[in-house]
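Both of the next two complexes hold subunit A, though its partner changes from subunit B to subunit C.
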Partner chain A sequence: MSQLALVIDLNVCVGCHACVTSCKEWNTSGLAGYLSDKRPYDKDPTGTFFNRVQSFEIGQFPKTEMVHFPKSCLHCEEPPCVPVCPTGASYKREEDGIVLVDYDKCIGCKYCSWACPYGARELDEHQKVMKKCTLCVDRIYDQSIVEDERKPSCVLSCPTSARLFGDVHDPDSDVSEKIREQGGYQLMPEWGTKPANHYLPRRKTSLTIHHDELVRADNPLKKEEQLPQPDFDDPSLDDVTSW
Partner chain B sequence: MKKLHYQEIEGNSSKFFLLVGILGCIILFALGATYYMEHHGHHVTGMTNQVVWGMPHVFAIFLIICASGALNIASIGTVFGKSMYKPLARLSCLLALALLAGGLAVLVLDLGRPDRLIVAMTYYNFKSIFAWNIYLYTGFFAIVIVYIWTMMDRTVSKYYKIAGTTAFIWRLALTTGTGSIFGFLVARQAYDAAIMAPMFIVMSFSFGLAAFLLVLMFSYQWTERELGDKVVIRLKNLLGVFVAGVMYFVIAKHLTNLYATEHHAVEAFILSDGGMITKLFWIVQLGLGSILPLILLYSPKTANSRNAIISACSLILVGGIAQVYVILIGGQLFPLQLFPGMEVSSSFFDGVVNTYSPTPAEILLGLGGIALSLIIVTFAVKFLKFLPVSLADDVVDPHHS
Partner chain C sequence: MHPAFSVIFLTTLIGLGQGLFLALYTEQVYSILKVLQTQVYIEYFSKASMVSLGLLVLGLIASFFHLGHPERAWRSATQWRTSWLSREVIVLPISMFFIFVYGCIYHFDLNATLFNVGEIPINISLIVGFIATLMTFSLYVSTGMIYASIRFLQEWHSPLTVINYTLIGVASGFTLAAAIASEFAPGLLNFYTGWSIALIIIAFIFRLFSLLRNKNLRPKSTVQTAIGIRHSQIKQISQGSMGGSFNTREYFHGKKESFVHSVKWIFIVMGFILPLLLLISNFYFNDQNILLAAVLIQYIGLLFERWYFFADANHPQNIYYQMIS
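Moving on, here comes the complex of A and B:
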């Protein structure tokens, strides 16, 4: 069984919210829509989102850094929201592992929201059914879309390519390779829910430079500082007078 | 011993019509509140995606707990053969049905899509404790109606014992199901404990009996029928034991949690830093809802006073609502733990204690459930023989077999 999922590279996510808005745009007008809002431009706005970017400030000032953490339904392999649903409206697809909600069966009891340890489910305030990320299931199999764009909307919109999409059960897929090579991890694996979505950690490159490496001990010219330094206003010819 | 007679109440006094009028008005207001919430959507309530169950659920779960507890009086007579409780059995069953109906009405009207109740009846996911509860609730209605039938119709009275025993077992299962809604929740820090189910059962004993005593005392007072001290004293002594039982479970639950470091944060929230939740826990649930009633019920000065017993029962019910509120809302206000061991705060509710302020519409819907339960009882005792003509000391048999 394949398991489609997102792999999100926290190293390059800049928290621009492009994934949030493109998700909302695609899904509010698609089969999973609409995603209602209340007071979207006023005080205390509320609304339904499949995907949110949560920004965490790490450390104590001044030694802080910001991590942007996009979070949507993680499409768990053992989703706790599915067994609790009284009508079976929440279900996991056999063929690709996507966890979906059948809006026509959802009675709005919100018990799945209690059961999800990741807080990924949101009740649409007007339609009063539970909604969540569908991995753009209405897009990724749409033959009328060019093949290259048969990906979730958030993946296509990410300017830094922080979001990758693919089958995490296929060891040769790009996402599996990224998880393997770059230490991809799951959110709260201790719950035993086996989230399909993975996160690639922040990777810091540090280089120790010793002082003597900054001095050209074997400079063949040894005359650098003696070279002509023409006045700033002097006429110049590039490559000749500009140093 | 005099023979026991059951008779409908006259139900034509001004008090009766006043009661029906008040209850009817509350129900109408509750229906208006439901329409308002249904028409405008979830955002006009205090509920959010962090606090998904609010005040209506508090009332609904409280009423469902009371319902199964109210049946206990009948069970003590039937299952355990205590003859003094047998005259009370019909009212006990009636109150159980009425409270369950009131609770379920609130629960259903607070669903996102109450219009899809038929979906809940036709599609079942048997792994869901919620789906089990649908069977447990409807089964409860069926079994208790049969139970009442075996009491009222002599031709089927041979099934009385078996119906009563089935109802008793079923009610234990029902409250186990209600408690397990929280017991089976692994995602939230405040729940996921096996003690939830037995704690809810003992809560039902206490709240159900308090509700029963109040209904019994007021119905006999208003219809000017005789209610002897023996019945009342016996019931209030039993009630005290149940109140102490609830306290025991509450203490055991919190002590167990306090022992595990993992739960320290959520316990600190409930017990000391939770603001309104902490006040409700210590002042209303424990102080007013448990300790004060115990004093009223057992203190030699007040033990035999009807007013003290009425006060104690009322306080137990108020404390009960507070207890369900603390369990239900308190558990949701405490944030999800996405990064255990870390101090977390983000731009979207992480690590932040959520807020919840119930709106009047939600409270009205909850009160509507209580009013519905009471109006069902009021009409049922008017049209059917639920209440003994007299429960005087010489009518009931205090020396149980």
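Moving on, here comes the complex of A and C:
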């Protein structure tokens, strides 16, 4: 049984919000109804979003580092929002593990939003139903789209490829390999919700260069400067060394 | 959490209604077992049952204001296997039905004795009332478990939530029963006043327990586990949007700390201490207005109690929404 999920690489996310806008664009244009905005150009604008990029400052000024943190539904393997739903509108798909809301069954009681520790669910002001990231379920199986593009909208839009999409249950998939080899982790593991989405941590790539690697120790005459170019007519190195 | 008035009215009104019914049935059991030697106040029983039913109906109506799609509310009875909310939706109308039948038995004087167990006569209202009592208690448990079952809200995730919902509801119901009895069943007045004094004290003790427990809670989730970065100093710079969102509205009461603090003292005084003093003073003054004042003040106090109950709960998702920009 597969479990589709996103793997988000915090090492390369630059916080450009391209995933936020492309998510909104795709999901507001779908058959399931638009993601409503209230007062979009007025005071106190608000609206439904499936995905947000937040920013955190790590460390104490001036020695700080900024981490941009994209946050959407994590499609938990033990989704706490599903069993609390009184109508059965919230469900987790058997075949691919996507957690979805049936907008025709949802009564908008908000109970599932209380039961999600990540705040991944929002009540749509216009449709009065709970909405959340669908992993672009209306896109990833669409046969009319080129196969390469059958991925969530946010993944396609990411300019730094910080968002990866795949089956985390398949040990040979790209995402599983990334989780395995680059220390992928889950959010709030203390609740046992087993989020399917993983995050790859900040990784420092540093190289220690010793002094004797900069200055050749085996060059006592310090002949580091450029050697004179041989003439065109002179035999080349190959002519000399190959018999 | 953001306290929604629909839910505050739902839980307080049905708690009061259930408590009133339990007060009736307690008296009936007492008199059948001959612990209490009184006449049967038929009018009191039929009127008070209807008041109880009316309160449950009002609570049900209030609950609809919480829904985005009230017309689909019937669907919420389907997931009783997993959802306490669904169980409440089922038990509430069943309780209403049996309380209605119970009231009708008295109103139309259908209370025939079916058989005798020893010297105890088992009549129809005793059996119907027993089922209604079971349903009433199931309703208290379901209502409490809706909140207690969410493990992320540590303030709620405790047996104290269910105990408090039950005790507070029963205490307010007995106070109301005393006020109604002062009009229709003066012989039961002391019985109910005594019971409600005892219940208010017990409810108060358990509510103080939960206040103490919540004061010493240590949040399980931190910003470190929330974003998975192991560093002692993490500060949010941006929550991703300049305007508000569902996440900034639904999970926070939006009031100052001092306001929440004063609500706590208001509910302690109005929900417990004042009604207690009024009920005790009624032993000396024996005035119907004192009882009515006790019911009213207690109910308003319990509205504050419920508001505080919601505002007190701190949802872990708030960690992600510390700073607008």
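Methods note: the second predicted complex is superposed on the first by the 204 of 243 C-alpha atoms of A that agree within 3 Å, B and C clash if a C-alpha of one lies under 4 Å from a C-alpha of the other, contacts with A are read in each partner's own complex, and residues count from 1 in each chain.
Methods note: a residue touches a chain if its C-beta (ideal position, glycine included) is under 8 Å from a C-beta of that chain, and two chains touch if they have at least 3 such contacts.
Note that this is a predicted model, so its numbers are computed, not measured.
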item: Subunit C versus subunit B on the shared subunit A, clash or fit after superposition; value: clash
item: Contacts of A:86 with subunit B and subunit C, given as first, second, both or neither; value: both
item: Partner chain in contact with A:126 - subunit B first, subunit C second, else both or neither; value: first
item: Which of subunit B and subunit C A:117 touches, first, second, both or neither; value: both
item: Touching partner for A:60 - first (subunit B), second (subunit C), both, neither; value: second
item: First, second, both or neither for A:194, with subunit B first and subunit C second; value: neither
item: Which of subunit B and subunit C A:46 touches, first, second, both or neither; value: both
item: First (subunit B), second (subunit C), both or neither touched by A:150; value: neither
item: Partner, of subunit C and subunit B, that touches more residues belonging to subunit A; value: C
item: Contacts on subunit A seen with subunit B and repeated with subunit C across the two complexes; value: 46, 52-57, 69, 80, 83-89, 105-111, 113-119, 121-123, 128-129, 187-188, 190-191
item: Touch list for subunit A against partner subunit B, complex; value: 36, 38, 46, 52-57, 69, 80, 83-89, 104-111, 113-119, 121-123, 125-126, 128-130, 187-188, 190-191
item: In the complex with subunit A, residue positions of subunit B that touch it; value: 41-43, 48-50, 52-53, 111-114, 116-117, 119-120, 123-125, 127-131, 133-134, 181, 184-188, 332, 336-338, 340, 344-350
item: Touch list for subunit A against partner subunit C, complex; value: 10, 17, 20, 44-49, 52-60, 66-67, 69, 71, 80, 83-89, 105-111, 113-119, 121-123, 127-129, 185-191, 199, 201-202
item: Residue ranges of subunit C in contact with subunit A within the complex; value: 1, 66-70, 72-73, 75-79, 82-86, 89, 146, 149-153, 220-221, 223, 225-229, 231, 233-247, 250-251, 315-318, 320-321
